[in-house]
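Two complexes are shown next, each including subunit A; its partner changes from subunit B in the first to subunit C in the second.
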Partner chain A sequence: MSTETQAVSADGTAGAPVPEFTTDEMMTVAASRSLRDGTACFVGIGLPSTAANLARRTHAPELVLIYESGTLGTKPDRLPLSIGDGILADTADSVVSVPEIFNYWLQPGRVNTGFLGGAQVDKYGNINTTVIGGDYADPKVRLPGAGGAPEIAASCQEVLIVMRQSTRSFVESVDFVTSMGYGRGGDDRQRHGMTGRGPVKVITDLGMLEPDPDTRELTLTHLGPDIEVEQVREATGWPLQVAEELSVLQPPTDHELSVLRELKATIGGTS
Partner chain B sequence: MTEARTRNKVMSVDDAVARLEDGMTIGIGGWGSRRKPMALVRAILRSDLKDLTIVSYGGPDVGLLCAAGKVTKLVYAFVSLDSIPLEPLFRAARENAAVEVEEWDEGMFQTGLRAAAQRLPFLPMRAGLGSDVMTHNPRLRTVTSPHDDGEELVAVPALDLDVALVHMNRADEHGNAQYFGPDPYFDDLFCLAASQRFVSTEQIVDTAELTADAPVQTLLLNRMMVDGVVETRNGAHFTTCVPDYGRDEKFQKTYATAAADPASWVEFEQRFLSGDERAYQDAVAAFHAEQSGGN
Partner chain C sequence: MSRIRQLDVAVSELVGDGDVVALEGFTHLIPVAAGHEIIRQGRRDLTLCRMTPDVIYDQMIGAGCARKLVFSWGGNPGVGSLHRFRDAIQHSWPVPLEIEEHSHAGMANRYTAGASGLPFAVLRGYAGTDLPEHTESIKTIECPFTGEKLAAVSAINPDVGIIHAQQADREGNVQMWGITGVQKETVLASKRSLVTVEEIVDELEPRPGSVVLPKWAVTAVAEVPGGAHPSYAQGYYERDNDYYQRWDPIGRDRERFQQWLDTEVLNVERSAR
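So, the complex of A and B:
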């Protein structure tokens, strides 16, 4: 699937054979590990769906998968091709209407974790999926729009942002706040009456960023295996804060990698 | 919401009732004399619980709990036995001013449950405007639309519940539960409006069996909406639980006749409600044997 197939070894040294994996695989595995067993996760097609199904097959068998199409607690034996894929309803605990998903599950805060991504994210975790550049009425780039993202951002108990990192996508300030993260930082989110905690992790192909407990500015807390701090700084459009105790993400285990690749193969992917 | 939900939620009726506390607000599913969680209600009758606020599309659940002195406050839109329009025990409690009442319109009642289920403070609607239902209930206020229409609407407050009790045809041990009858009533809303949710069911089956012969849409409740599952065969008796069984009209008539007369009611209580759930079901079986011409 990935075009960024720069393979790295787990410990970066020669010696015992270690599984090789792509930075995208690392990103998917890191997202998967962030899902706790027994919780409910709002899943979109693509990386979130892959990560959630990987989690259910590894450390979180009781993870409840909710797709926007109204399937609650679905347990597909392959990756669904779209949110309308029949396998989601066939393997669900129950199926409700789309309005019910929004009214009774998302907005009341019954979903523990929501996944978001976008064209741009800024240093306070605000996301733009609407317009880039120029004027709102006459933008340079017109993006798909809000979809359900603002409500996921507002109401899920916590949000995981998963995006490949570059200066184009990680900007000082987004051109349009489609989905609020921490607004202008500090307690701005509470002032807006948001019930969910907001983005607790930004998982990228280079590592992981987490909000500072006070300022809420996204701070580099984990590096991907064999990634250098300087690489992450160069891919960030603002002067990146780095945690005093910087960790390195545990590389995917053999088991995680093999389950992930089996899953990807169910929709014709190879990696 | 709680995390790390336990996988197996099966418990007894008395286990479920042991989780309830004095003074709680308890929503009871079903509608009138239809698919009421009667075994759970009977377990409350046997318990020491008191000072309950009961929220219900009322049937014999309401009458029995009022007569047993369990209820301080009642929130309802109606109380009826369907084929017998007036619930006699409720009528006695209401006419003796034995309980505080909050009487709503039925559409409002549903809207209040929806607001609670959506974790909103209120939802607007038209029902109730001009009715004395509004006059006698200070909780029912109006709100003016901020849009150009400027319309005045009822701001129906959320009916937040501590506990929901419902009865379903089948369930699995995780709390996925389904109905086979013609109407879901409002059981899903009761569960979504409540902090703790207990489901009684005719039969606990494997998860796969739930949808072996039935569409997935029959699963009104899923495991995220349920904290305890109780298997109680004939547990909705004497209300309907179609297609497993219809209303026991003969028994309901006997109940209503007895309830209308204090001396007969003592006798009825003695015969049917002095023991546990098994004793109740045995007494009902004996009642039918007697009725069908045995001795």
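So, the complex of A and C:
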């Protein structure tokens, strides 16, 4: 199934027409809604950056955006292509060094939400962005590596993960733990002395997964509009647990969609 | 005391085969022209340190300058993979590449320890990850006061640290502003340092939030306008995002890369780009 192009059409049941949108747009909007106004968010490039900037333009105008290049409270008027674009420095409350952003701002737990993606996530929310297949020294695919993610995953008060869902990306156990979620489950985070809560939501193009309160295994709690449970199971590389009370994500509003599309048209722009 | 030099003279004076070299600049102010000069001078067996290898290290690795890479994120920002870097790791082309892999927080702290004259830095990092298993320069340490388990990372003290800045004055004092990454730490951690600058001015005008490196902390300064392209120099030019896109197909293909190297770097006095 192509997640890029699948459109969900209006069902017209409530009388009000529901706009057409892609599953990717639904994912970005759901991620954006998960950010509370007035909180601080450590943002990675790509989907997290799009979602965080959408939130700031819709329900969370006071959201504080922090990028690992050292820009605190940045308010870009277009989507940056990299975490160090000039627009981030130009519009920041303060620009600090890279050692400072990690040591003074991230490490003590000042940041409410860390926003991560990855190539693989497993059933305990551990993320791999390092190597796939083979072994570390001789991998099948060499990925970019850790960047800021391991410490974002450890030290933010909570973590949101945004990723497209497939059996290739949602695996029973990641090939390499680049960033720790719940380790081997249960209270593994506490055993590692971690201060942050860990991944509280995994938002995908098919719905939303949340950790079981005891085992910490990711459990399907929300479906995307017009998505079936079976579809999500088929896109998951382990036997997926499904919450007893399964909700459906509210489709994007006209306003969210138009702001998102405007925003995406500005990526990397140099206006 | 920093000396004002031509770029080629400075590189030949400061960078030798087998050196540990750090070219830093976090997306902004990447010393690309200096990297090309190192390629042109045919340096070999370098240990290249850089948080984000970026296109410049992809080019230096593809040109066969490096024996080892010390890094924390090896992608083409906003585009995808660095294919010369991947080819070197996966297929040892053009020469085998050893890697020493960290997180950004770890690398930033390693430079800070290096600049501070300490053997290592302490951070709350790497917990629960597979990185310490593969990276010798990450160890666990117990806090002598609380007993908390923390990560220790060894200092980086490069033989040569190279950065790009907006300005220097005629005496060799350096000023940079905007995103300044780990450049100050890199210069202070390194045995020798080279700063390429957009321009040499009569007097440095104070700017809010700028980083100033006094002349006695820098070995050499070279005036290289456009020396950070395709990254950017705030106040001078913007990031050439198209270049990063165009690099992808060149970097993917050994022949196209070789062609690019010949026409854009090796057979020109100073790289056009």
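Here is the rule we use: the second predicted complex is superposed on the first by the 256 of 271 C-alpha atoms of A that agree within 3 Å, B and C clash if a C-alpha of one lies under 4 Å from a C-alpha of the other, contacts with A are read in each partner's own complex, and residues count from 1 in each chain.
The definition used in the following text is that a residue touches a chain if its C-beta (ideal position, glycine included) is under 8 Å from a C-beta of that chain, and two chains touch if they have at least 3 such contacts.
Keep in mind that what you see is a predicted model, and the values were worked out from it rather than measured.
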First, second, both or neither for A:Ala40, with subunit B first and subunit C second: first
Partner chain(s) touched by A:Val95 [first = subunit B, second = subunit C, both, neither]: both
Touching partner for A:Val177 - first (subunit B), second (subunit C), both, neither: second
If touched residues of subunit A are counted for subunit B and for subunit C, the larger one: C
Contacts of A:Glu151 with subunit B and subunit C, given as first, second, both or neither: second
Intersection of subunit A interface sets (partners subunit B, subunit C): 89-90, 94-95, 103, 107, 195
Subunit C to subunit A touching residues, read off their complex: 26-28, 51-52, 71-75, 77-78, 81-82, 85-86, 89-90, 101-105, 108-109, 111-112, 123-131, 134, 148-149, 178-182, 184-185, 209, 211, 232, 234, 238-239, 241, 244
Complex contact set, residues of subunit B against subunit A: 1, 3-5, 7, 114, 117-119, 174, 176, 192, 207, 216-217, 219-224
Parts of subunit A lying in touch with subunit C, wherever the complex brings them together: 45, 68-71, 81-86, 88-90, 94-95, 97-99, 102-103, 106-107, 126, 130, 136, 138-139, 142-151, 154-155, 176-180, 183, 188-189, 192-195, 268, 270
Touching residues (chain side subunit A, partner subunit B) in the complex: 36-40, 62, 64, 72-73, 89-90, 92-95, 103-104, 107-110, 112, 157, 195
